[in-house]
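Listed next: structures, encoded as structure tokens.
The same chain A turns up in both complexes below, where it pairs with chain B and then with chain C.
On to the complex of A and B.
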């Protein structure tokens, strides 16, 4: 019997919010997760690899199917799929947010491991009074205070009175605390780090543009032309001079600064970047295929 | 109209050509992996940036200072992060043999977990698990500039002798590269983001450009699967080049074959001149890749439950 031939397919993925079905799904998922986790822990090492390979294949197969299996055309929420192809397509499409949530949930657990790593390194450094241990204290205090004020601020904004906090006059201690830590400190420090790049560009450009070889000379000349073309006053004067000299000659008009810079960008820069993009894309495809089919042996055996 | 286009939304937007082309690329990869597994000797060209890895680790060992590795700013475990960790596994293996300290800084917690497992396995395979320091693989921050500040601080405090920046890098690329340069560390870098590659070229000693990054594990380990895959990638690139040439020639012919009458002042007659297509979407190649078929109405039964709940 083909289940997908039913006029209305019971949709496992699109359970209504807070329904019994969705809670059963959550509990079932949790149970299956714990079983897989325990199974992998106690499984002999030689069986672990095929299980991981199987899970990887199933996970990857979903995305491949989503990419190649025909998705229903303009299917509205109030409409039912017309046949088996549309039903399978709808099933796959509906599963998308759930599959994305699964990877999000796994990532959230990983974040816990990341924080554990941070705590482990810095608590050890503080307890042993290692070099620069004071920075570790600052880091841990920042971690805890940002988590506290961030979460307390979020909680205070929930509920019917949450919108009142859009006005600063209604703020309390936690809202001011979050504002000071996030907008007052973190954002500003981010901006400061970003602005440091300007100075680094200068020092890196100085080294790169020193005339040491033919390549460096070409690089210097092209960079100079492009930089000058972006300087309005220089470009205006240059272009004006060329226009006067060209006196209507179409060929000479090509030597306007903006034309030369545009030609460099269109002809060399765009084509080079596209060439690199093709190579990177094909490389990513090959890597993805090797991971999906578990052909990749990690560990960099030498 | 093809069946796929009649029933599938994605085929109406991007056509069947993308799927066919991907299938051809995948077949190239699988064929070459099989060839390599059968013992066929496949050639890989020399890549200077990868030859420099041994030199960088040797230098770090001589100086007795750590090797720092950063697998980029991938938001999750993706192909780029896995490839970077594969290369770092090779670096860590050499460092483990020479009892050289390592530091691997992660931006993403999932990448951190994977990296820690892989690096521990490397030390275990080498029989040097006692040399593995779990804190050598660390999660720094998942905020771009906090991560940049953290890694830069580590580079300066630990005075790393060699640094490897391989993966997805954005604006922080130059901060890392210049900080490492300021302490005289030997640097091998690669960014899959083409916009950051020039910064690495300006500031680093060796740069892997574009797909050289993906060639690294094949080049370093010479595993048949990886070498075969690399040759498959080269075949795929040849196909892309052939397609570009075909598209250029075909488009030129299409444009030149369309003519219109234009008045010739010199001779006082109308003559045929080639007509440039005003809309590039009209070209054959463009329609092959992105057909954008007109909207199609499909008669479907209504779902009474869904209708009731939507009201």
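On to the complex of A and C.
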């Protein structure tokens, strides 16, 4: 029996939406999760570390095996795997969606952890009237109101006519509330924060970009050429001038701005970025191995 | 004290407030006087447009919308342009996100606005469930995209979207997902992103499905690597890429206009039509002149600073 085969037949993992079974499952999962957390919390440290290391190793081993183990090629749903290699390969492949779901669920717990952390810090600050406590009030009010209107908007779309709410003409109070908070405030402030960078870039470029050495000169002229190539009007005028001067000479045509910038991109930019990415990749591999084998104490160690 | 400063020192010490005001003026003016800037689209943008137009009408593509309003200056325009092409080309879309929990909502709002634009223009509404489904946000991008490489159906297992008259329904009951189990069953995967989800997608799905990107200008050089190694079929980078796309939507590729002139030539493709007369201009046309002014100001500021430095040095030697 394949425990991971779950896509068609409703089972423990895929029960109808809002059914009693799914709520019982959620409740049961929550209770088991709480018990595991409590167990880990009260477990002596010397026992906790091997448990965490074991879970980390199993989690990592799955992805390593999935990557390196040969997967069955074109095995149909009705076909049985032949031999141990194909069986293991199929088992690993079938387990993938379940592992992905578990992985996603564990990651989603971080949201709860974040909210818990925010609440505990800011409620404490408000109750003790610490410095800037008013900002904490604003933060918590924003958190609650965004959650309320966001969820109310989601609920309002649940019914059979929910798709009608895709058009603004059919909106109600909660939909406008969500729109005001999400699009009108959060998203605009998000964009405003990001756009502030332009001021810093200009100020920093003016103060720091000085031609003090040959290296700086090369860097500045290269940057200038690439930046100018992104300005369509400049590129158009430059290329037109070169075309007129070249008069059909292929060599001179290489001096079109887009050609020069393209050459810089293809030869210097991508190769240096590849080098950096390669180094980062090796570093990530080494760090991944250390975390997988629980050799890294600063991160996942208990 | 300011009167005792040499010209070189003055040029090197412009107050930042002055720079900021000039920047605001420089970047605001073009917003009020939009102009069409002459442009030659990059090869990567032409390839993106060609790959979008190569999808047959009635097909369904995977669409990772991993941007929020923090990068909307570039990403919203790119999303709108790509969606306009797909909508006009009658291509269906499966929206998902691994980049940000806000991203699915932002994408749906953008589609709603495009729909209002279509309805106002007397065009057919691009309907949820029949033309697109939103699978939602996946909190663990690496695992989800890895899972999609094995089975899209399993990765989207249990995901629901709003079906007309039925409420929340399993996305796999939508007609646009019928028979599409593996990632290779989709003709194209498009990622519009302002974050590293493009890297994650290439790392896990390259070779399994044709991939096309629309990324921010900052991510352009990094994405160029994937394009050069042919791991992606095309990409639009930043405002330049967006402006390229809008121009391609108007002119097509190797597509002669009424007077027989071809605006965009490419030796890689045959004639690819555009959508002349429809709403093709958007953020690209609005913001690209602004980019010119901002970049022009940046270059000017660097030149002024350097002239100031050289004048100061020359003065010091006397």
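As a working rule, the second predicted complex is superposed on the first by the 213 of 302 C-alpha atoms of A that agree within 3 Å, B and C clash if a C-alpha of one lies under 4 Å from a C-alpha of the other, contacts with A are read in each partner's own complex, and residues count from 1 in each chain.
Rule of thumb we're sticking to: a residue touches a chain if its C-beta (ideal position, glycine included) is under 8 Å from a C-beta of that chain, and two chains touch if they have at least 3 such contacts.
Remember, it's a predicted structure, so these values are computed and weren't measured experimentally.
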| item | value |
| --- | --- |
| Partner chain(s) touched by A:61 [first = chain B, second = chain C, both, neither] | neither |
| Which of chain B and chain C A:241 touches, first, second, both or neither | neither |
| Which superposed partner A:193 touches (first chain B, second chain C, both, neither) | both |
| Touched partner set for A:31, first chain B, second chain C, both or neither | neither |
| First (chain B), second (chain C), both or neither touched by A:182 | second |
| Which superposed partner A:283 touches (first chain B, second chain C, both, neither) | first |
| Which of chain B and chain C A:103 touches, first, second, both or neither | both |
| Contacts of A:201 with chain B and chain C, given as first, second, both or neither | both |
| Chain B versus chain C as contact partner of A:252, first or second or both or neither | neither |
| Intersection of the chain A residues that touch chain B with those that touch chain C | 7, 71, 103, 106-107, 110-111, 186, 190, 193-194, 201, 203, 205, 207, 273, 277 |
| Touching residues (chain side chain C, partner chain A) in the complex | 14, 16, 19-20, 23, 27, 37-40, 42, 68-73, 101-102, 105-106, 108-109, 111-112, 115-116, 127-129, 138-140, 143-144, 146-147, 150-151, 153-155, 157-158, 160, 162-168, 217, 221-222, 224-225, 228, 238, 240, 243, 288, 291-292, 294-299, 301-302, 304-306, 309 |
| Of chain A, residues touching chain C in the complex | 6-7, 14, 17, 63, 66, 71, 93, 96-97, 99-101, 103-104, 106-108, 110-111, 157-163, 166-168, 182-183, 186-188, 190-191, 193-195, 198-199, 201-203, 205-207, 209-212, 220, 224, 227-228, 230-236, 239, 258, 265-266, 269-270, 273-274, 277 |
| List of chain B residues in touch with chain A within their complex | 4, 7-12, 19, 22, 25-26, 29-30, 33, 76, 79-80, 82-83, 85-94, 106, 108-110, 112-113, 116, 118, 121-122, 125, 134-135, 137-140, 142-146, 148-149, 153, 157, 171-172, 174-175, 177-178, 181, 192, 194, 197, 199, 201-203, 209-211, 213-215, 217, 220-221, 223, 225-226, 229-230, 232-233, 236-237, 240, 295-303, 306-307, 309-310 |
| Residue numbers on chain A that touch chain B, as the complex places them | 7-8, 16, 67-75, 77-82, 85-86, 89, 103, 106-107, 110-115, 117-118, 120-121, 124, 131-132, 135, 186, 189-190, 193-194, 196-197, 200-201, 203-205, 207-208, 273, 275-280, 282-291, 295-302 |
